[in-house]
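Presented below are the structures under discussion, each in the form of structure tokens.
The two complexes that follow have chain A in common; it is paired with chain B in the first and with chain C in the second.
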Partner chain A sequence: MASKRPITQCLRCTGHDRIHILPIRNLMTTTSEPPPPPPPTDRSSSEDAPKQQSSTLNPFLVHTPRTERKLLATQSQYPIGSRRRRAALATSSNIPFTQLPYQCFQEARKILLEDRREKIAEIEKMRERIEKAQKEGTRQGEGEGEREHRVRSMRGRVEDLKVLADINDPLVKKRFEDGLGDMNKPIYRDLANKSWRNYKRKVLLQRITQMNVIPDILPFIDPSVSTSLVFGRKKVPHGEIVESTLSERAPSMELQCFDKGERLVTIAVVNPDVPNVEKDGFAYRCHFLASNVRISPTETGVDAATLNDESQVIIPWMAPYVQKGLQYQRHAIFILEQPQYSSSTEPPTPLDLVEIKKQARYTNRDGFKLRSFADRYRLKPVGVDLFRALWDEGTVGVMERLGVSGGDVEFKRKRVEPLPYKRLKGERFR
Partner chain B sequence: MALHQLHRSIRAPSLAALAALESALSSFRISPQRAIPSGRRNASHQAQGRANGPKDGAGKRLGAKKTDGMYVVPGNILYKQRGTGRDHTIHAGVPGYVKYYTDPALHKKRKYIGVVFERGNTLPQPPNAVRRRKLGMLAYQMPLTTVQRETGDLANADLSASSDDAAIPPPVLQEQPQEARKTKTIRTRRDGELVETKLTLRPGYQWRQTNWEIARTALQSKAATSAKTYKPGDRFAAWRKRSARVAKNAERRSIGRASKGKKKSQKQAA
Partner chain C sequence: MQVPSTGLLRAFSPLYKTTPCLPWTARGCVYQQRASFSSTEQRQKRNKGGQKKDPRITQIRYHLQHPLTPRPLRFSRTRYLRHWTIHRAWQLYQSKLRTQRERDLEKQYNTMHAACEALRLIDNHGMTTQDRARLGEPPQDEGGKEMGRLYRIAMLKHGVWDGVPIEYARIQTDSPGREGWNHAWTQ
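On to the complex of A and B.
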């Protein structure tokens, strides 16, 4: 509603209520656009009108304590928005943003519109050139690879121009900030990507490098898909410690990719901190593995509990548990993009799950090596998330329900024999 | 250079040569041509006292305490050094063998000290390889908690089990968790009723109830439970209370005045 009435901002500053009375200089613009229509002289929206008070009060517009009380008493409704906002809405006219009667603003819009027209013309030109390059084939002295590179770079330029055409539009920016951006459009994808890379991706990278997820499970990752993890109704920030009872049920995830097109991904949840007392070291355990999960910029939600058991899930969800005395265990969630054997226009080929399920090393939870799996099926890590688990009061119950023994086992530090000259007097001779 | 110019000036004296001569001879002049500058220069450096003396203090025995390849256990000091404002002594965190190494990826010139688990291992580890780690822990069967023990007693509450004391092994102190070792229960008979009081070992080796238990006892006491709950906005109760207070104060004042007056008179009389 505020977007329709941005003039209120200005009115608030000047503090006068004369917009209806004073003639607005709405024709003082040099743009070629038609002059904006005169502001509607509809004063019924104002709560000062006696007619309004007698009938119903608008919760968006009441702004005096008396009318607020009346609204609550008669309509049992609370006012919506701040009082300042309500007052501004009630006392200003409803001029569309693009038609605001300010000369400088209209001049600036004119420049932006001109720039946009230029960009669109350039896109058209580029498209023609791409078409020509595809029709004509290779130029003289140009190899096939070079031609492909030329076409690819031109396509990249077109994508850039699509973003540049809209990047200065204030309405686009507003719609994005309101969360109304259409992820099918390159500009909103670009804005979302930028805002993700600005903060959340940095935090994620810090967590996975400081907690050594990266050399321990996979050698390298350059995340390009934003991930967020939800257990039940609780959003879990990257690297948070999750209660054992909360993580008993499979999580749901939001996987937002920022480049166009559908793709199939494999989701793997791996714990690299499973204690191995015999080896005096750590082992891997896979808590979840599913392939052929379709994601696109608009299809982002993935619920690990509702994936198809036959065509998607390889290893179903197992609740994380950490025995008492152990350090926290990292549970890394990797999003691996499956190779697209066919061209990008056709739907990607899914992995053959029947073949995978025959191999014991990829269906056994214990000792699951994600490096090996990713290499074998040429998977490329594109996204990562992390949560941690620690022993708590609920762990024993979780292990019982899982049917895992060892809930009554406590880990304690192994004594390291001191150096001979540091030993106590009698100890040396025992 | 001045002498050379002097030599030339004998043959062909000129203004420049005379000036050169003047400057050359000025160093041999006893009486200064110009007046002594009146400004005074202060010392910029402390000349007396402790400032310039103690540079030969005892050595602080810094440096390497373990050499490459030596076996160390956690806590062993590897290298003693001073940082800015604090001690930057390096010690071992895991048992293993000391390695001195450089890591150009981290810093071009710095030398690092590390501990490897096996003699043949090297440092630094390859950047993208899985880290070498050791668990360093052993698994133990957890002792039953007090709750479990109590419920277990309740389960076979029939006295046949408890009467056969010899069958039940006495609890070993070591097996009990730390929490159980720090509490003990004393049973006292109050008004013919068995009252159990849980005592906890507090700092200073004093066995007493915890603060929250004391508070709970106070809150559940007869006085606390019989007290009326405070109702905010109960003006009638407030009025009754206030009027009672006013009446009491008036009464006390009247008594006090009377007694004071008496005392005064007694003193005067004395």
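On to the complex of A and C.
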């Protein structure tokens, strides 16, 4: 009586509930664990009836056209999620993922939990050792520096163990992939770091190198902070050409750092391609300079417009402009970490902006040398981003509003006179 | 509507490489449609009208590009996560076994080394020079010969290569010798 493929038939016809001709077989586990507890009844509907006994329909669980129409009519709510998802949620037994009755999976979970317990025990042991090392002082034949090195290595090992304890957890992996990872925890920071370094950082480095940002403005950078640039509401990938009207307002950035603790950074936007016609070369110009910006793994957003003018902004934002006839001009955004004079437990010391603003070489836009600034205040470059500017129809307006003359100037290539061509004798050409 | 057999699909599911890139040493395999074990060219019967075709390969290629062949399966999210968990557990288990094996071997080697070292310092009365000095015994007049004698006997290499064929002593070279094969060689 039952057709050859009852389950597929029933999935197709949505007029009635799904018929369970074959009982859903629970695979026996050979583990000595007690059977998993019954699934929590956090959903109002049970397994077999999408039609509620009560009058309210759940917008997450209606999955027949009739009930969908009824939901819209009576509760004026649209169903949430695709129909396949709603049908799956309504008709499954809703066992939590970790309790799914697959034998191999449960055995694997057992092994991984055992490993996790071992890692946690090792963390405890390491912590005791660190405490002992700090209390007892130097060992025989060991200097103070060596003891510090020993403590530092042990601390590094504890951090590694913290990541190793959670790295085999499928729920951690799922949570991270869905973007719900808590950046205060080392495992999510580590996963985010790995995924950034796997692709996006490589692309960033390629663009920085190809555009020669790196030898031109600063000698070397090893990016450890992920940067993303947004002008207005437009996300700008690394190296893209940004319209003049769009870049008139200061951008907002998202600076994601992957090690714990908060730090103060300096953000500098430098244009190394300002043309200098007399010397037939280029000069630097600084479009933005701000220090003492606090970032941490959880506070990543930096909006240049909301920074404090007195204690943070040294040179306010100036719109990039490129006159007609010129090639694109690169604008590099450097994130430089300010030195932590004291140990990591105390808050970092901010730079004294009053003293910086007195110096003309760091307040003048033209001829701003980022190398000099970074060396003077011992800043370490940790992040970089890039966008380019080109002439477009809005540039004239931008330059007018800035009060910069030369909006109507058009650059042309200097005509190079060809070398005199001496016509050779005819015999040579035969 | 007949669905093509799933046996071929199972044998060639996307979990295995469908298009392996052959190294240049396997160039012979590409031009002759055969799935033999060795990659060296085998002599075939002279076939007029093209190369000899292997019907197995022809059938596989036919079915792979047939429009009724079902598309490769994809794992759902939870199925993939379960697979990933099992994979991680297996890899962890294997690496634990490996490190345990290596540690056992290392321990064995260290005990053997310590035993040999102790033997090296002992003479025929079982005393080292330190023991003799401590106990006040006179040093042996020909002590140099007896000290560590058993160690030297243990380190002898006679009969170590017994049972190993002499042909194993032939070292691998980058390029062949001037005479490729010495037909007159005997043991």
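The criterion applied here is as follows: the second predicted complex is superposed on the first by the 335 of 430 C-alpha atoms of A that agree within 3 Å, B and C clash if a C-alpha of one lies under 4 Å from a C-alpha of the other, contacts with A are read in each partner's own complex, and residues count from 1 in each chain.
Following the convention adopted for this analysis, a contact is a pair of C-beta atoms (placed from the backbone, for glycine too) under 8 Å apart; a residue touches a chain by one contact, two chains touch by 3 or more.
For clarity, every value in this text was computed on a predicted model and none was experimentally measured.
When both complexes are superposed on chain A, chain B and chain C sit side by side without a clash. By the document's definition of touching, neither partner reaches A:K119: not chain B, not chain C.
Angle at chain A (Cα centre) between the Cα centres of chain B and chain C in the superposed arrangement: 80°, in steps of 10. Of the two partner chains placed around the shared chain by superposition, neither chain B nor chain C is touched by A:R207. By the document's definition of touching, neither partner reaches A:R85: not chain B, not chain C.
Applying the stated contact rule after C-alpha superposition, one finds that A:K324 touches chain B and leaves chain C untouched.
Partner contacting the larger number of chain A residues, of chain B and chain C: B.
With both structures placed on the common chain, the touch criterion links A:D280 to chain B but leaves chain C unconnected.
Between chain B and chain C, the smallest C-alpha to C-alpha distance in the superposed model amounts to 14 Å.
Within the complex formed with chain A, the chain C residues making contact are 77-78, 81-82, 84-86, 88-90, 92-93. Chain contact summary for the complex, chain A toward chain C: residues 97, 100, 102, 104-105, 107-109, 111-112, 115, 168, 170, 173-174. Looking at the complex, you find that chain A touches chain B at residues 212, 215-216, 219-220, 275-277, 279-282, 323-326, 406, 408-414, 416-419. Contacts from chain B toward chain A in the complex involve residues 71-74, 76, 95, 127-131, 133-142.
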